[in-house]
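This is the structure I have questions about; it appears just below.
The letters A, B, C and D name the chains in turn, as written, and every chain counts its residues from 1.
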Amino acid sequence: MTDALDNAPLLELEVSEWLNHEGLTPEDLRDKVVLIEVFQMLCPGCVNHSIPQAVKIHRKVDDSQLQVIGLHSVFEHHEVMTPQALKVFLDEFGVKFPVAVDKPRDGQRIPSTMKKYRLEGTPSTILVDRKGRIRQVQFGQMDDFVLGLLIGSLLSEQD
Amino acid sequence: MTDALDNAPLLELEVSEWLNHEGLTPEDLRDKVVLIEVFQMLCPGCVNHSIPQAVKIHRKVDDSQLQVIGLHSVFEHHEVMTPQALKVFLDEFGVKFPVAVDKPRDGQRIPSTMKKYRLEGTPSTILVDRKGRIRQVQFGQMDDFVLGLLIGSLLSEQD
Amino acid sequence: MTDALDNAPLLELEVSEWLNHEGLTPEDLRDKVVLIEVFQMLCPGCVNHSIPQAVKIHRKVDDSQLQVIGLHSVFEHHEVMTPQALKVFLDEFGVKFPVAVDKPRDGQRIPSTMKKYRLEGTPSTILVDRKGRIRQVQFGQMDDFVLGLLIGSLLSEQD
Amino acid sequence: MTDALDNAPLLELEVSEWLNHEGLTPEDLRDKVVLIEVFQMLCPGCVNHSIPQAVKIHRKVDDSQLQVIGLHSVFEHHEVMTPQALKVFLDEFGVKFPVAVDKPRDGQRIPSTMKKYRLEGTPSTILVDRKGRIRQVQFGQMDDFVLGLLIGSLLSEQD
């Protein structure tokens, strides 16, 4: 592996609450590729594109190889995009994969993980390799083929 | 006009609140065709199909001929699909046409207009002719061409 | 009817051959709205959009009200877009409505009907009212809703 | 590598003519992943899905890593799907990658490569790894994400 990869940041989500799961641990992610779909439940690009895309990917690739995670990073209209509303959203939109609520920061608009990784907005996509290293952070809707290409590449990487 | 049409029910919405408008009156609708998109803000078929369709129609047909109206008929998860959340939804999804909140009924799940017209769920589409008569009530997503055909037909009807 | 409409040109196709039909006559079109899809069998916008759209419309609206017609107006690569190749195309793409071959002009690239109505290319759409008058000629792909709106409007016109 | 892969058939196309290229040699494909899109120019699933998909992939992935090839395997209507007509098709549909004409067999409907690999029809997709081994043969339209996943996986395989 290259030095660049040795310096790649490791994934560490800051989470106030998990939905659809009791809480993923680093142990749960060991040796898996991880796809993190960062979204807000009232963001049109998320609801019309990225969430249906993540739901499809979750159905098509085995959980033992690829862990799909939603990260609800609310940076506006916090008063209506509550965890309670999010629960309803996940149920209505058929989201079965684990969803983490990005940890709010007292008196701040931007939540913790979003700030830490300097995410530009929603939707954003974070790809993590089998070693836990963040390999790609992308803002905006991603093409199905391109996302497949990136995930396929990470899945077959060898040390 | 046929007797059947003479017996067609007239449109009368029961509304607790208007958004994007101070409140449409029968006078505002006089001699116009009216398209009512009945939706819930967390209903996938509404968010991914019917609301974008209504937004497109609202852009393409002049308000003086066709009045597009949203009717937010919440029959589940009332606690998170509040008027406050709806305001954010309309803003985020670029909905500029008037939206009526279907009047809740004390202790009942189904709101007033939904019950009155026996709507089966969301999305539903109601088409009203220039005389104020309800000419079509349809449950489920509608094809763009078919909806265009129905609206075009009502627009060019003569007495 | 307005003077403008009194001056609208009447539909007169110049045809060298009919496929899927023994040959539509003015009598066959009497009192019907007519949708003419002008195409070439190797034009991407026709094959990927307008022909599937016409096939859908032909399935959805009754032949006694709306006559869908294809017009194969070849203005380039005449040597491979022959009537023989067109027959295979119609069969493979499930086109069941009558298709007219636009009459070639000796030594000229542009065929007769295309020249007569000054069509700019393919796909083009021609809409004819129940009186046989050409009411709309449009170059390029048409939106499903807009096309529905125009057809619905012509269908319910009264004298 | 597993024994199964040691036994995987090697790619050997039987070609009567190349378009868009003077003729790819095994040398040209050395160490590349190869995507072969098997099609007929008048097959709707090819024209509306697989060819546009291959054009997109060809634009998105570098030729030095992934070689996209079209294989025109005509098994019906040979008289109109000639190399001459194919040339026009490729030009009109913006196909820039090399296209091989599957070698006809005297008096037989099915051409040589199609028979050799027992392809069931068009569209079909053949994926070849960096060692020249055929790793996947799939009949029918393929999902963008799934195809990306397979190609990405082959691209990052190590010996």
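Simple rule for what comes next: a residue touches a chain if its C-beta (ideal position, glycine included) is under 8 Å from a C-beta of that chain, and two chains touch if they have at least 3 such contacts.
This structure is a prediction, so every number in the text was calculated from the model and none was measured.
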item: Greatest separation from chain A - chain, by CA centre; value: C
item: Whole-Å gap between the CA centroids of chain A and chain C; value: 50
item: Between chain C and chain D, centroid-to-centroid distance (C-alpha), Å; value: 36
item: Junction residues of chain D, two or more chains touched; value: none
item: Pairwise touch network: line, ring, star, complete, or other; value: ring
item: Of all residues in chain D, those that touch chain C in their complex; value: 42-44, 47-48, 52, 77, 79-82, 84-85, 88-89, 92-94
item: Interfacial residue positions of chain B with respect to chain C in the complex; value: 53, 56-57, 60-61, 143-158
